[in-house]
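One chain, chain A, appears in both complexes that follow, with chain B as partner in the first and chain C in the second.
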Partner chain A sequence: MRFEFSQEQFQFRDAVRDVLAKTCQPGDVREAWNNQTGRAPSAWAALHDMGVLAMLAPTEAGGLGLTELDIVLILEETGRCALPEPIVETALIAAPEGWVNGTDSASVSLPESPFGVWTDTCASVVTLTADGVRVAPRESVRLTQRESVDGARRLFAIDMGSTAPIAPVTSTALAFRRGVLGTSAQLLGLADRMIEMTVDYVKEREQFGVKIGTFQAVKHHLANARTKLEFARPLTYRAAASLASRDALASQHVSMAKVQSSDAASLAARVALQCHGAIGYTTECDLHLFMKRSWALERAWGAANWHRRMIAQSLFERL
Partner chain B sequence: MNVVVCVKQIPDPSVPGQLEADHTLDRSAKPILDESDSFGVEMALQLVDAAGGGEVTLISLAPNGEVSGLRTALAMGAAKAVLASDDAFAGTDALGTAKVLAKCIERVGDADLVLAATESSDGYTGTVPVQVAELLGWPALTFAKKVDIADGVVTIQRQTEAGYDVVQSSLPAVVSVTAGVVEPRYPSFKGIMAAKSKPVDNVTAADLGLDGQVGWAGARQSIVKVEQAPARLAGEKFEDDGTAAEKIVAFLEDLKVI
Partner chain C sequence: MDLTFSESEEQFRSEVREWLTVNVPKPALPSGDTAPGFALHLEWERKLFDARYSVVSWPSDLGGRDATLWEWLIFEEEYWLANAPQRVTQNGIFLLAPTIFEFGTAEQQRRLLPKMASGEHTWCQGWSEPNAGSDLAGISSRAVRDASAGGWRLAGQKTWTTRGAFCTHLFGLFRTEPEAAASGSRPGRHHSMTYFLVELDQPGVTVRGVERLDGDLGFAEVFFDDVFVPDDMVLGGVNEGWSVAMATTGSERGLTLRSPGRFLATAQRLIELCKERIASGGARDQAVQDRIVQAWIDAEAYRWQTFGTVTRLVDGAKSGAESSMVKLFWSELDVRLQELALELLGPHAELIDGDFAHWMKAYEFALAGPIYAGTNEIQRNVVAERVLGLPRK
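Coming up: the complex of A and B.
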């Protein structure tokens, strides 16, 4: 099989990259750590205006009727800038099913990722459980804020009360796979950004009279991180293609994507921290914005080990 | 009202540029829309909207039939484009470019207004808009930071060092706009998808009746030599003997920063 993104898919990505370069700079993410919502409203408004939030919504509902394969590169961009917005939950999970409309946002929780994100600012709250999907307006659920390693990514325990499921278990499975895919794509973007900013740093920082990027030990660290990332990318793109075509192995493929993208982001964060030296440990350095987002996402929607078990299970089932 | 916008597709400025052996810019990579032209496209879209009818047409001179930058502007909302692309255009100088654009404008036929950036981000000659106006025999209004159209008259605020002049002219006219004129819209995904099917009229030197008048053959200027830009000089240091603040203020005033 020959797999290649279309020119149009690259155009979507480039357009979103341009917009986020203006609306979601590190200063905007830093602002989200300190404001009342944890979010970046101008970026959200721009993404809505472009049509990103309605990409997967059906055309009869005013959406663009596109697929997971059309949005995966865009979600990678949202990771690259550590966008503090529930874009995966809204554009990839809730909007395609009509669980949220317009500029509204959705917060999603599930057993493998029990806390909702930015829930207090979302219009719709969705929980994915073993007996189906529950959806409720924010006003009707009880929220308890929890601590988060990522100061922008506000976490909430959700009590839906007696809300009954509105969609069957098959919807739960699809929504879960979409969440795993979207999170994997964001981890790719985060890893890419951390490697990029570290490469820039080691080209600037001097020690022993030379740029530290000239040391082979530093180069090898960064090359290892880049290699890990480049092996994770095709798995994530395949997972998107499998979901878009409703491939029978889609579940296994999204798990593979999450394993590799989590491991790639984990290594990129560790290498970036080490190569930055002491400044990397400070909150004044932008690195922490990306590193902490990646720590949070590595564990969201099932950590790498959980997904490894899922892959093993599905392989044994096929024997 | 019909507005024609001159747009240039340039090598991505974020990638280090390369020169060919003949000292021209290497344009083999996929070009992008010159950001300075996005302001003209946005201005044109707003003027057509305000007029309640008409359309925006793009014209561009580019090698290898390149349309990627044009598609960006079409995605913003322009209706169609004329692309002049022909090996015979290689080596065209600023006046030759103006001849091509003027012929393209005549080919569009029903333009009430032509908009252009004040200069491109890769060539910086800054002469093309007025040359186009001269070739068309139309008025040229330059450095517009605000453009209004009413009753067949275009009124601009022309940016000056001290403020702005108000300049008026009858239509049709050529107006060059500065980067601050409007905030360009983001292309929507619907726009990107629609841009694929918008018509692009590909024209050659022969189609425009410019054989032999453009390209290296028609160029009145040649690049004799290319040198590295001089290294940036160290800034001026003021030792604070109690008068440093005054010196800094005078320095900034001299630059017209304050």
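Coming up: the complex of A and C.
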């Protein structure tokens, strides 16, 4: 047994973190709330240049031929900075199958996540349904825009028209699991960032003549959030390994990851807001950018309850 | 024990219900935390006032209808059940008015209350400052005596002032003896504040709206630069502002600001939402349903706890530190109720357009409950120290 990432995997994670720290600052996320596309083009270009978009694409197709285990830490980083880009849909789902390449991006919808995100600026549109995968160029599908609480997330209901399924149901299942894994990883990053921002804040803010971080009530809130995160991370990493090795129980493992990371992000958001007090309840404070992304992702690709029901089916069937 | 309402109370309930059925605006008004929405809400307030429903428990010569506390509770239950608009006048009628009834002179009551009841004057609460949130006694905005003009001159800044960008008046605490405060002693800090009533439309007042979490301009920063306030706008004694303010914070935490009717109505709507989701093909989720049942039970528990409190108040008791438990209970119940709606909505929860948008908005507002009216951490300290008698640090 060895349950740890390799030196190379950590190093690549650090390199991506450095790049995102420059190209996807809170100001860039705010910019995405207000611009035409909802996206952060320089961060996207940087991720392309580092090879992230093609990490899972086969080497024959010019990709790096890596696995879910290699990208999971990177996706966590994209959550940490609330990257407003369809990185999960593109790097984890579409690029490995050859549905997009280069700097092109993909948007994915499915019954549990009925809206595509940033669909109007994606090259390829993918839908996952019980009868298989459909892929179409954006120009050939009909989009109806919806509004998300997260102003960067541009949501679209997708009508694929008469596009026929191109891939068998097994690739639907794989695409779904990858989407769930990627979203779980992003939720971990979001939770971590919200805890970190709050720890910084309570070390600065004073009331009653002392730093509010000295109050036990504040400490306990943050310790609870951090503990919840501690027991979410391993399940996401394990799910990544299961997908990489095509474990027969991978489906259950990604569901476990999504349950745990959704709940960890949910608690982190609650605690972060509570410990900030009123300042956290404004759009002038960056916290809301991360909170609102969490609220959306907690329920995208199957909310925690949905995944609990999936797990229950498999657990009780086997009894 | 008598667990029934009297015939006249039931009569009052059906009158209220009938009036609301006819008059509650449909579709619902836009948010009252925006300038156009606020104006529409004031029209609604005027309508309530004309029907003498804006302040039912006040004396009739001040705009009310002398309703008992029980009738007031019944009114609230019906109001929220009818899905009537949020009360943009609430900080005046629920927070300031009880203080004016207790500490105001008869002249102040006659001068201020009818205009508050009609919505001609709208009041915002000026407690918090950038460096004084939980530690309210840490305020530094000050008032300096101007004896020749017969009043005071205010300087400083308030913040997080709900609907400050739209209100006509502000009630707040200002330091009237800065030297005593600087001494740092507890009595010094607490006995050097005075409760002022301030007209906002006058020279020296600058109001800047601040966006709340939901994007509405529901907060404001209010700056005071040599703002004159006449002596007849001081509430209670000079340097007694702290005890005047504290005497009625119970209203904010306990009974008046968030009565049980709100949560009973939300629980009812949540049950409806759950049924609709199942009817439209959604999966039945026993785990969520159990939690909805629990939230509904909690709303009922709040209702019956309130009936006990009201009985004791009617018998002449004063409300005490128990109001801190009430605040903890309703604020956390509200978060659970709204969270459950988002769970039912699943991936549709993030939408802020379409049929479900109000649930996300209500969730965002519920998240503020554990922060305003004294944070829940502070309330837990109060319960521990004043209800349980645990030693203070």
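Assorted remarks:
Following the convention adopted for this analysis, the second predicted complex is superposed on the first by the 319 of 319 C-alpha atoms of A that agree within 3 Å, B and C clash if a C-alpha of one lies under 4 Å from a C-alpha of the other, contacts with A are read in each partner's own complex, and residues count from 1 in each chain.
Convention: a residue touches a chain if its C-beta (ideal position, glycine included) is under 8 Å from a C-beta of that chain, and two chains touch if they have at least 3 such contacts.
Predicted model, so just to flag it, every value in this text is computed and none were measured.
If you count the residues of chain A touched by chain B and by chain C, you find the higher number for C. Contacts of A:Gln207 after superposition: chain C is touched, whereas chain B is not reached. Of the two partner chains placed by superposition, only chain B is touched by A:Ala46; chain C is not. Of the two partner chains, chain C is the only one touched by A:Glu147; chain B is not.
By the touch criterion defined above, A:Arg270 lies against chain C but remains apart from chain B after alignment on the C-alpha atoms of chain A. By the touch criterion defined above, A:Val169 reaches neither chain B nor chain C. In the superposition on chain A, no contact is made by A:Ala157 with either chain B or chain C. Using the contact criterion defined above for the overlaid structures, shared-chain residue A:Val199 touches neither chain B nor chain C, since it reaches no partner.
With both structures placed on the common chain, the touch criterion links A:Gln11 to chain B but leaves chain C unconnected. Those residues of chain B that touch chain A in the complex are listed here as 71-72, 75, 186-190, 192-193, 196.
Taken together, the chain C residues at the contact with chain A in this complex read 128, 131-135, 138, 159-160, 210-213, 215, 219, 283, 285, 287-288, 335, 342-343, 345-354, 360, 364, 367-368, 370-372, 375-377, 380-381.
Every residue of chain A that touches chain C in the complex is listed here, in rising order: 112-115, 146-150, 153, 155, 206-209, 212, 215, 217-218, 270, 273-274, 277-278, 281-284, 288, 291, 295-296, 299-300, 303, 305-306, 308-309.
Those residues of chain A that touch chain B in the shared complex are 8, 11-12, 15, 18-19, 46, 49-52, 55, 64, 66.
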